[in-house]
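What follows is a pair of complexes built around chain A, which joins chain B in one and chain C in the other.
Here is the complex of A and B:
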């Protein structure tokens, strides 16, 4: 039982990172119907900014983190305005490919700032562990869960109660009608990128706790893909559930597969989110919380 | 993205330009793309340095672009490395920069047999992808005499048959035992397999005779070679042995940490990337593990001493390496530091520099014999009995050709973390080889996939 709880908490901790990333993907998808492959670059950018603000500008972690989120959001705005906005009206496939180009270009620049080594984000948790009864957990996992819970709650409140949030939901539902109601769809696009950028920065920073970030940290951004497919491409709640599910499944498979299913080979945990995704898609082709599309033929 | 009318396209062009620039990224001190220099495809009987020298591919009587010695001819060497987005870019860029500096120094000292050596015209990025590696190799093959660098073992495996067929000699940027069996590959230092045998010997002498050993490493020849070496040594010495294969990424190390804490081995032979190593060592230490980690040189990065795991690393980590680190006082290390100038110290530079010596020796021997053809270089390389590494490795480490059991170099150094050193590690035991390593018969590569 102790093992199970330890695996569950570490899974939820890492899953929180995936959830933040997945929510960013979904927000952009809902507004633009495009999967943005630039999220990994924004993830690394945010974490690098935290690192520089912490160690080169001497800021406290709790100041550096929100500041880096704002700066990354601004970068995302610039990317959206320069590279994406002019592509409105083009096939979504083309736009998605452009986001891949943006991702590579941004990462090449950011890699210069990372340098040859690993950069630390200067988090306050370090190697600290907490003992909850017999369960030993890394403190950072508890913080990851807490921060994600707060941020996601704020996002839900924003979408539900704020005028801008309602405008974003309206534009996601039907752009033409939203336009007719005086909603600036262009601003919705921009805001969705900014929010996704800030979330990616937060996720990247949390991922950089303990071991730091290096030129390969961006790969983590791809873990959000099974999460969004699992949860449903157009569901923010689904992205959160998908992200947490991916984290927990990875942790559980990593903990128990060797003992119970050794014939699956080592490191099956890394494949497990995709297996879960396939199973869910066979039962619910639009993901757990996705909207089924009805097409008449 | 469906409602607005068409907009100006300048931004699209901007993105395209950014992509092109990223593909043509400067690697720190030189260009990473071809400059279109033409070389003679097959010139027989070219004259250089006052004597008749036979040449074929990749050697011209015309001077190199930006030649140091404008009267010299030019030998073109290719470099295929992981320069932008692959997993080893952080190491590959300094490796490549060191090699540029190495060959520039060779030219400044007069070149080889009346020829300057150009390693900057044919630098290609393999993105650590075997397919890309082969593709860029095919592009530069008609233009180069040999390869000053072919980075990675799965990538080099994709071109090894062609290298052999064409007699193209290459300096590797990897330490797999498979290269002991390929005459066209001029490896330097020992391989991971022998290295981990020696690590176990060090642990036995410094911890206890009766130790338990766990190998934790990445899949493939890197982790696999080291794990096999550790297994061979453990079996030979009657020690408990277990092995855990892990995957790249700090957040993917929970299983490895769990196995280490659960099995509590006396030593762990670690073959991962640096941030993974920090996650494993920090994670295991936080859960109470107090054994020793012996990490291969790619597990190390001086930045680890700034991570939250720094205290654990200082207490538990030792590094095994095929040669001494960046700050060592040998003529070779000093020449390297002087040639590469003011850079952030990194042992990628050291490796790139060391790997270049055997190729230089082979070119010199071939030029001496008046045969700078590909076959002439391959012949000269296979006859090398010693290489002058300027003290960075013993001369006998440069023996190529013949039975791998006789030619493989078996000594390593062991270092410990020391933040006062340029690359954060200080050698605590100079070159040594264990009995197991010395007696191990290299009848085939340790890791066979």
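Here is the complex of A and C:
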């Protein structure tokens, strides 16, 4: 039971990172109907910025993190303006491929800053351990859950209560009608990229706690894809649920698969999200909370 | 082929007058095409005696990559089903070929069979796997499908990592397929018809002939009823079904044919390279093939070949760059702003972006524009 709870908490911790990323994916998808494969690059960019702000500029972690989020959001804005905006109206597949190109190019530059080894992000938790009864958990997992809970609640409030949030929901619902109501859809695109960039930076930094980030960390960004498929591409709430589910499944598989299904091979947990995704898609092609597409010919 | 044409006298001065569908959609329907193809083939045949072995090897690789790119273009370009999973099918083909042709006494499994067996088998195994993806393709479309095929790459990587008795394990790998045909070895220097050929010259010819076969086959698929059905599915799948194109059948067929091409290309690629490293069938490989299709020209066979040759030559080109730009370093660890490997990766990204924004029809589109310009020269149309 203790084992199970520990796996559950670490799963929820990592899952909340996926949830942050997945929410970023969904926000972009809702505004542009495009999946941005550039998220992994933004994730490592954010984490590297925190690392440099922390160690080369000597800033406090709690100052470096928001600053890096803002800077990454700016980078996302530039990407959106230069590479995405000219492609409005082109097939979504083409736009998605462009984001792959952006991802490759940006990551090369970022890798240059990471260097060959791992770079610490200088988080205040490090190896600290908490005991909750018999359950021993790393403190960072609790912080991940807390930060994600706060950020996601703020985002929900933003979408629900602010004028800009309302504009974004309107643009996601119907771009032309939104335009007719005086909403600048271009600004909505830009804002959604900025939010997604900031979320990716936050997720990257959280993922880099304790062990630091290296040139392979970006793969984490793609783990959010099963999460958004699971939740449905156009559901922010679904993205959170999907992210947490993917994290928990991964943790559970890594805890129990060695004992019960050793023939699946080592590190099967790393690909288990994709298996989960395939199973869900066979049963519900639009995810758990996604809107089924109705097409007229 | 001239069956549908009118008699010579009626056509005089009107070389593009067709009186039947057969003539219009013929493989080489204009005289310039016939002449150009003949010239290109002739050039390709004499090239091995003009270039160094080094360059020939790159060209042989480019030919193999062309086969893979044609496969991806059939499913993504013609049939419109986005696939990021091409690397997985290439890997399946490579390992099937390696297992069937490998040394029976080696460290990894091998059955010691010849080219005539392992090459079709590599294609068929990959095609069977492609058929398994079809149910997803039927149920999903667009980006959902792209992500599923992306997941396939990760599952494939895991599979290749774990099955060490076949793949040799990450970082070690296993020998690639052996190109042996009835005792004739394409991977050893030797005399053919009285001419002494090196290993790379033989490889070049083998890959060239295979590319020729696969390209003509691909072109025939594209211009036949199957190709038209693919295009209908691509343009509007529901409308296609309404006018009587069985959707399930053609989506499955597209993935099967594409995977067959990928399997063949995978097996041949590692025949040329020599060693298969199971870690190489990753997302980057898939993206490379996507880049070939996009840079070459979507839904064109000749474009696929141009794109593949271009992308394969890219590392070779970037290696020359440090001579002209001092801030690019030649080595993997040197100073400067970037080294050549990083430059290469950035170029992939930027080329994809640049072509998609400025010339969505790719190299093929550039060719069409040049051709049309000179067609009317000195008039603008």
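Annotations
In this text, the second predicted complex is superposed on the first by the 294 of 297 C-alpha atoms of A that agree within 3 Å, B and C clash if a C-alpha of one lies under 4 Å from a C-alpha of the other, contacts with A are read in each partner's own complex, and residues count from 1 in each chain.
Simple rule for what comes next: contacts are C-beta pairs under 8 Å (C-beta built on N, C-alpha and C of every residue); 3 or more make two chains touch, one makes a residue touch a chain.
Note that the structure is a prediction, hence the values are computed from the model and not measured.
Overlap between chain B and chain C is detected when the two structures are superposed via chain A.
Once the two complexes are laid over each other on the shared chain, residue contacts for A:185 go to chain B alone; chain C is not touched. When the two structures are aligned on the shared chain, A:111 is found in touch with chain B and with chain C. The partner that reaches more residues of chain A, of the two candidates chain B and chain C, is B. Contacts of A:233 after superposition on the shared chain: chain C is touched, whereas chain B is not. Looking at the shared chain after the overlay, A:89 reaches chain B, while chain C stays out of its contact range. Contacts of A:56 after superposition: neither chain B nor chain C is touched.
Looking at the shared chain after the overlay, A:119 reaches chain B, while chain C stays out of its contact range.
Contact with chain B, but none with chain C, is seen for A:129 once the two complexes are overlaid on the shared chain. Look at A:176: by the touch rule set out above, it reaches chain B but stays clear of chain C. Chain C runs into chain B after superposition on chain A, and of the options 62-70, 152-160, 206-214 or 260-268 the stretch responsible is 152-160. Overlap of the chain B and chain C contact sets on chain A: residues 34, 83, 86-87, 90, 92, 98, 101-102, 104-105, 107-108, 111, 266-267, 270. In the complex of the two chains, the chain A residues touching chain B come out as 7, 10, 14, 17, 32-34, 81-90, 92, 95, 98, 101-102, 104-105, 107-108, 111, 114-120, 123, 125-129, 136, 138, 175-176, 179, 185-186, 207, 209-217, 219-220, 251, 254-255, 258, 266-267, 269-270. Note for the complex: chain C touches chain A at residues 82, 135-136, 139-140, 142-144, 146-148, 150-152, 154-155, 157-158, 161-162, 236, 238-239, 242, 283, 287, 290, 294, 338, 342, 345-346, 348-353, 356-357, 360.
For chain B in complex with chain A, the touching residues are 1-12, 14-16, 18-19, 21-22, 25, 84-85, 87, 89-91, 93-94, 219, 244-252, 254-255, 258, 273-276, 278-279, 282-283, 285-287, 301-304, 306-309, 312, 344, 346, 348. Looking at the complex, you find that chain A touches chain C at residues 34-35, 83, 86-87, 90, 92-94, 96-98, 100-109, 111-112, 222, 225-226, 229, 233, 265-268, 270-271, 274-275, 277-278, 281-282, 285-286, 295, 297.
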